[in-house]
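What follows is subunit A paired twice: with subunit B in the first complex and subunit C in the second.
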Partner chain A sequence: MNYKKVYSILNKDLKIIEKELENVLEADSPILKESSLHYLQAGGKRIRPVFVLLSAKFGDYNIDTVKDVAVALELIHMASLIHDDVIDDAYTRRGRPTVKAKWDNKISMYTGDFILALSLEIITSLEDHNAHKILSDTIVELSVGEIEQIRDKYNFDQSITNYFRRIKRKTALLIAASCKLGAIAANVPSHLQKKLYYFGYYAGMAFQITDDILDFTSTEEKLGKPVGGDLLQGNITLPVLFAMKDPELKQKISTVHELMDPDELHNIIQLIINTDAIQKSNQICTMYLNKAYEMLSDLPENDTKLMLKTMLNFIGKRNF
Partner chain B sequence: MHLEESFVIEMQEKIYQNMYHSYLYKYIQIPNIDANKLYLLLSVLKAKNLPIEKMESIAKTVMFIQVALDSHDLVKNDMDFKKSNITTLKEQQLTVLAGDYYSGLYYRTLSHLPEINLIKQLARAIKIINEQKIRVYKVEIKSFDDYMMSMQQIETVLYQKLASYYQLSDYEIISTNWLHTNHILKNKEKYIGYLIENNLIEISNEDPKLFAENKLNQYIQKLNEQLPKYIENETVYNKFIKTSFVKNFEPPIVR
Partner chain C sequence: MNYKKVYSILNKDLKIIEKELENVLEADSPILKESSLHYLQAGGKRIRPVFVLLSAKFGDYNIDTVKDVAVALELIHMASLIHDDVIDDAYTRRGRPTVKAKWDNKISMYTGDFILALSLEIITSLEDHNAHKILSDTIVELSVGEIEQIRDKYNFDQSITNYFRRIKRKTALLIAASCKLGAIAANVPSHLQKKLYYFGYYAGMAFQITDDILDFTSTEEKLGKPVGGDLLQGNITLPVLFAMKDPELKQKISTVHELMDPDELHNIIQLIINTDAIQKSNQICTMYLNKAYEMLSDLPENDTKLMLKTMLNFIGKRNF
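Right after this comes the complex of A and B.
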């Protein structure tokens, strides 16, 4: 099975979610309506809804209940992307103009806040108090992770632990919460909910590490942004941390700054790629994927488990 | 119902402490916690006779939302700040994140209480506020009344929703009229400027500024005429009308 097969099996329910996203992003203000639908129309992998659905399939699966969770999680992600584009001063995302580019920063702030509030309104259909504790803690951690990312920009002396803590907050916790909330919505037994939570957590760590590797190994066309863009913005990711083990290269990498000449940056990126940094990062990614596999061992053997494994393969091998 | 000023100030301090984040405080301007809004909020919660701990948690929550919204109002458009100035850029980035962080605190505080239905009501208020902010900002406004309605919602709907959640309908009216009056008085020039700039008032031969000001005064008078009906006790009414932590506040109507 490959990931496309997973998406095709889930197709009917993903379409329901897509339709629901379109329906809930309703507003009287024409500008708000357009700006909030802007990223939805750009598509995306919908990783969080997929994990919500797959986790829910281990319990009393009912799309009417589960869809609210999937929609809310995707909206939280969408709201955070809109605000991230203001933070990163980004003008394109997935090859399309960002909300800030099409309108401006103010519209981005109001649209992001509107969508986040909408997601909270929707998720309150879930009555389980524990689900809200987990999700709200995740949302706070998400913003703390982003604050730390700003704090750590261009800090070439930061530790690998620092990096792991940051990506945990930035990415892994929301994917973990997606799995857990999907499971809660479908009344999956609590010991399996816990496994699914950690499955999502490890999968999320691997997902972000893959993203950070792709920043060096992919193409501008596939990324929808320049290669090495993270480094240029001062985000010190795993490949950079491994490459900096070489003191001479560390000295060169430490010269990176926001207004650096593109040719100079290109040279540094090549030097990083020529080390074993990518290989080592891939090894760490594989380690997280293996941990995620382990979490699945207690789950019943069925097609859903196979689909979760397929999604892990997709995370590990994706090139976009 | 009677609230000592010292209690409001003490509460204000507690909220600041709960919002504290060392890195954010180092680089950005933290919006003020509006004492008028806090006063009204505590009045609503006191009228419901909530236990003190719960009252404090809910007051904190609503103020987290207010500060989150206020923080995002401080985010500037590209043309309004020099991109080359890294300090300013960092300030801008952290202002975005501060707002997100305070929003998270609102959800977390109510989730841990737990007050799930209140999360929903306040989320609805946040939606309304942001939609109205866009309407005002991008001038999707059609008339004087439309503008006043939008501004009223931006300033008061959070408190209205709270009063409505606790089924205190009188306080819904008080929230609307009192807070909006305060806001107009404090920002009269901005209101007048917006009305004139966007042709939202019919101007005859009169001085446009004077005409707009009169229109605003009439509007304020209307709001305040409704207040006594909802505040039975005269002492409390006077307290509401006269109490203001806003400097140079002069109520236009004295009973």
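Right after this comes the complex of A and C.
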């Protein structure tokens, strides 16, 4: 089975979720509606809804209940993407601040707030008290992760532990919450809920590490942004941390700054790729994928489990 | 009784709330802690906690339960103030964008997100399912209100209805929610919860109208910002809308823009004050205060009711 098959099996329900996302973003404020739908239409892999659906399939799967959870999780992800874009864009796009840029940013910020609040409004449809706590805890961690990312920018002396903690907060916990909340919504027995939670956590770690590797190994066309863009923005990821084990290369990498000459950056990226940093990062990624696999061992052998394994494989092998 | 007496009666519990606010903002991320506490220490009238406490006093008042609600509501208010400040500040403070300003803004934005999420985490301590829905609904409305405010900036053709809808979303609903959630936390009978909700709503409308009047009638010293600052920023408030009934004055007011000469602005403010706009705005404010009073008629005659009336009086008469 490959991941396209998973998407095709889930297609009907993913379409329901897509429709529901559109519905909830149909705000009665035209400006808000336009701004929200803009982000929705940008698309995405809908990884979080997929994990919600698959986790729910281990219990009393009912798309009417489960769709709310999937929608809420995707909205949180959207809101965090929107807030990620705020401020940076207006500067790089326009060079200098205009009233329009300022307003655009404010609108984006409040669109993010609105979407975040919508997600919480939607999750209240779940009676399970614990579900609300999981969701708000996850958002707290997400925002702490974002702040740590800002703090750690261009900090070439940060530790690998620091990196792991950051991606846990920024990515892995939300995928873990997707699995757990999908399971809660379908009344999956609690010992299996726990396994699914950790499955999501490890899968999420692998997902982010893969993303961080692709920033170096993929192409501008596939990434939709320049290769090495993370590094240019000061995000010190796992491959960079491994590459910096070489003091001489570390010294070069430490010269990276926002307005660096593209050729110079390209040169540094090549030096990083020529080390064993990518290979080492892949090893760590594989370790997380294996941990995720292990979590599945207590789950019943069925098509859903096969689909989860396929998704893991997709995370490990994807090249976009 | 005057409002100082109310604060002194509630003093012990307000201190508990203040301590709790400090505790929850003790994030394990130093940068986040510093940023959050900065806003906390800026103080404020803690109007929302006061209304939570007073509403709860009509039921089984227990500070341990009620404090969570008060803390959650004050955090939402704080988060909205923080997001209000994002972007504008960096421009006016520094003239042009620097990396530092950009980071500062991002940190403020995520601090707001963090505090918002914290408030939701805290409210999960309330078992009442409805409470979560009220809170997330309120945040949705709040962000819609913020977006409408941006959209309506410098729009000199907006209607008074537009203004009322905006301040309802931006201010009144949060105070209404404070009263309602305080009542829920103390198991106040549901027909009285409803009265308290509307009490809070009308009090909130009056509160915001008073704020908007004070922008013209108070002093820079008391406001902590220049007189007419709202107008300068393009926020078209009730006094302005009344003043614009005069076509000639409307024409003058419509010339207001962000970088206007202070003397010219001062001149326009004087022209507004010289109309009956302030008096008319006060009349509307009084109408809302009266409606709030009416809502209290079904509540038992006791000291708490007297305190609510005192707070109403404070809202109507305050000059800061």
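Everything that follows uses one rule, which is that the second predicted complex is superposed on the first by the 303 of 320 C-alpha atoms of A that agree within 3 Å, B and C clash if a C-alpha of one lies under 4 Å from a C-alpha of the other, contacts with A are read in each partner's own complex, and residues count from 1 in each chain.
The rule we apply is simple: contacts are C-beta pairs under 8 Å (C-beta built on N, C-alpha and C of every residue); 3 or more make two chains touch, one makes a residue touch a chain.
The model shown is predicted, which means the values in this text are computed figures rather than measured ones.
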- Task: Answer with clash or fit: subunit B and subunit C placed together on subunit A by superposition.
- Result: clash
- Task: Report for A:120: first if it touches subunit B alone, second if subunit C alone, otherwise both or neither.
- Result: both
- Task: Would you check which partner chain A:133 touches, where first means subunit B only, second means subunit C only, and both and neither mean what they say?
- Result: both
- Message: A:86 in the overlay: touching subunit B, subunit C, both, or neither? Say first, second, both or neither.
- Response: both
- Query: Thinking of the overlay built on chain A, is A:146 touched by subunit B (first), by subunit C (second), by both, or by neither?
  - Reply: both
- subunit B versus subunit C as contact partner of A:111, first or second or both or neither: both
- Considering only touches as defined above, state whether A:176 meets subunit B (first), subunit C (second), both or neither. neither
- Message: Going by the contact rule set out at the top, does A:192 touch subunit B (first), subunit C (second), both, or neither?
- Response: neither
- Contact residues of subunit A, present in both the subunit B and the subunit C interface: 27-29, 31-32, 35, 83, 86-87, 105-107, 109-111, 113-114, 116-118, 120-121, 124, 127, 129, 132-133, 135-137, 139-140, 142-144, 146-148, 150-151, 258
- Note on the structure: Per the touch rule above, subunit A residues touching subunit B in the complex are 27-32, 35, 80, 83, 86-87, 89, 100, 104-107, 109-111, 113-114, 116-118, 120-121, 124, 127, 129, 132-133, 135-137, 139-140, 142-144, 146-148, 150-151, 258
- Message: Which residues of subunit B touch subunit A once you look at their complex with the stated criterion?
- Response: 21, 23-24, 68-69, 72-73, 75-78, 83, 86, 89-90, 92-94, 96-97, 99-101, 103-105, 107-108, 110-112, 114, 116-117, 119-120, 123-124, 126-127, 130-131, 133-135, 137-138, 140
- Please give the residue numbers of subunit C that touch subunit A in the complex, ascending. 27-29, 31-32, 35, 83, 86-88, 91, 96-97, 99, 102-103, 105-107, 109-114, 116-118, 120-121, 124, 127, 129, 132-133, 135-137, 139-140, 142-144, 146-148, 150-151, 153, 258
